[in-house]
Amino acid sequence: MKGISFFSVVSAVTALATTELHNQGFTTLQTSQSGSILTVTIDNTASNVNLISLNVLDDLDRLVTALQNDSATKVVLFRSKNRDFFAAHLDVTPLVQLPGSNLLLNISRLPQASIAIVDGPARGISNEFLMACDMRFASAKAILGNFEVSLGLTLGAGGVSFMPLLLGRGRTMEYLLSGKDFNAQDAEKYGLVNKAFTSSEELYKYVNQLANRIALFPAGALASIKAAVNLVAGPTADQVRFDSSEFIRLTATVEAQGLLQRFLALTKNQTSVGVELRLGEELPKLYN
Amino acid sequence: MKGISFFSVVSAVTALATTELHNQGFTTLQTSQSGSILTVTIDNTASNVNLISLNVLDDLDRLVTALQNDSATKVVLFRSKNRDFFAAHLDVTPLVQLPGSNLLLNISRLPQASIAIVDGPARGISNEFLMACDMRFASAKAILGNFEVSLGLTLGAGGVSFMPLLLGRGRTMEYLLSGKDFNAQDAEKYGLVNKAFTSSEELYKYVNQLANRIALFPAGALASIKAAVNLVAGPTADQVRFDSSEFIRLTATVEAQGLLQRFLALTKNQTSVGVELRLGEELPKLYN
Amino acid sequence: MKGISFFSVVSAVTALATTELHNQGFTTLQTSQSGSILTVTIDNTASNVNLISLNVLDDLDRLVTALQNDSATKVVLFRSKNRDFFAAHLDVTPLVQLPGSNLLLNISRLPQASIAIVDGPARGISNEFLMACDMRFASAKAILGNFEVSLGLTLGAGGVSFMPLLLGRGRTMEYLLSGKDFNAQDAEKYGLVNKAFTSSEELYKYVNQLANRIALFPAGALASIKAAVNLVAGPTADQVRFDSSEFIRLTATVEAQGLLQRFLALTKNQTSVGVELRLGEELPKLYN
């Protein structure tokens, strides 16, 4: 960000107005309202790589529930406070107990426009979360991907149902079956993100302009258009349920449990910034 | 078009043959048959920006009905007579009374191949019309987009159901929720048009070659392939009906009626060529 | 391949291990197992352009049936032994009697990851086969396309149901209704192949690395992810059945039978390497 403070860029959209969303007692999210734009900053202070822990999932669940009936908000921006990562991936230390929530489906069906600002790596459930948002924009620091297959798992939150709607069948198969990383350029080229930018400044500038434009328009029209897009290009509850039940089934296998133990060793209990940054290349070591 | 008359380019495909299509008493369409290729020219002489008025919609409805049983035609080319616009957008002066027709669904299900030649701006219902055609080709003069959201409306003719089939979910959300313009290059890059060309000459040359090739092939094979594509990648009547009913609901709101009045003021009753050309940038002024 | 023997490149993935797949008595397929990677080489020695004959279809049917219960194989690579063609197209000399099998649907639903290595032209049913694989990678020697329309036919094996899942609606219509060729670059740009490479060496290197990575991961996770992708982005049996029944109906027409006779004359009974290589451009001659 070369001499521009991370928050000065965001400050344009985070002015004085507040809503009750500020007072939900979130422990891993910071919210800030500016007019009808809500900025949500994911900040899991318990993890140096901003893991999506059960606390984060619980906070996101409550946020989304509040937004379902929030007529004052038209646009929700999701970003990260961590300087290295958007959010590394699911915290797998509970080995692995994913809440049976409909978080992703609920995000995709919010009446508000949801925009993710991806300025660092986001893999696994973090990329599932991004795919459930309406739009995603990335800087060159972004690395995206779903490596669940390398742990003997499937995507548990419904992400398998979202990726083909962005990438088509062929590239979805390649990336999900190999657990490879997308860099920002390929993510744009293949449609995983709407647009990639070289710098964080350009990324924030584009998203701020876009959010401010969308925020002009009537909430009812935004909600109506989203509902219609979801009719044609949204996953169904049945599809997402299939993903979740497969995740639970595979998590219980001896193979997956063994791989999860090796994963914790490889990543030094999910604290090694170096390993987590180059995770795509590191994963084959689980099989050495 | 630099020294080449607009019609000399088209003349290659508009020879002598005629069908009863010429004699439907259209007031806003010109038709011209050359072998099994029918060229339809949209020409609303009542509007300097070639608005899609109720007369145009009515003519298109009758054209499509005639084509449903026209076994002599294999390819339908749609183009515009207006030198500045393909067709600016819906004429909103009836504030807004969209015929409850299945025009777009019927176009997408025609037995003929339909190709749109986009050599100027086409927004709102004009872009919906383009998306319902089988293929779209554009010159650098084309500007595409759906700005309905800025009027507090949704796309009323079924366009929301077509766009994700071309662009995927993420970019559909971005463009429909922001009401932004696509330039020809991005339209090609994202899949909204099949191909973009620098000049009108290149555009017409490519389309004429393509149309003449398709016109060689048996009508029965063309119809069969189209029906099969529509099974996998065509909207359903239910989806289109949802779009229409939402349009009618939103049109009745005080918010939309107010925005429509401001829109008429901004565009000088839809006659300002300058404002209409840069409509994407002008729309925020509705909220000043 | 400039000085590198065709087989030395492949040898990395074709080591000593064998399975019962080797002993199915295939007459047109060669199989070679290396760990959990099975390489299948299409080699119709009865045809100089590697036609997909009834024998090839029968061998593929038996291969796919064996793979449905083969838990030792995680990745299946498909390639060609012919130096000029991947596999030209269907052998139409039986004029045309396509087995009513579910070959493509069965391929798309295999528990293994399937990857096609396209190092030469593959049109008609060969391209349908490629589209049913999970992924496709191509060299500059690849030419892809479906020219069935030029014979008065539709795609009979289910390919119409696969193409829009890769290309979207607009470009599917263009290529299927015109019977045009894709070169490797456009095939990548539009999503028909995952990636295109300049040389055969680069193509094989990329695919070998990808296959070896996927082969590390648990078979159960691969199968689960594929099943979930197919739920969202896989054709249904009904859609494929529609394609097959339309193919049978159209094959019986006088028009198609006449065009098939002309096609055999044009291609010198499907033996003219020159005509088959430039088939896309040659097809209009059927109508001279």
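Each chain carries a letter (A, B and C) given by its place in the written order, and its residues are counted from 1.
Going forward, contacts are C-beta pairs under 8 Å (C-beta built on N, C-alpha and C of every residue); 3 or more make two chains touch, one makes a residue touch a chain.
The structure presented is a predicted model; accordingly, all values stated were derived computationally and were not measured.
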item: Touching chain B and also chain C, the following chains; value: A
item: Residue-number overlap at the chain A/chain C interface, same or different (half cut); value: different
item: CA centroid of chain A to CA centroid of chain C, Å; value: 36
item: For chain C, residues contacting two or more additional chains; value: 165, 168
item: Of all residues in chain C, those that touch chain A in their complex; value: 113, 134-136, 162, 165-168, 191-194, 210, 213-214, 216-218, 220-222, 224-229, 231-234
item: Chain B-touching residues of chain C, taken from the complex the two chains share; value: 148-155, 160-161, 163-165, 168-174, 176-180, 190, 235, 239, 242-243, 246, 249-250, 253, 255-256, 259, 284, 287
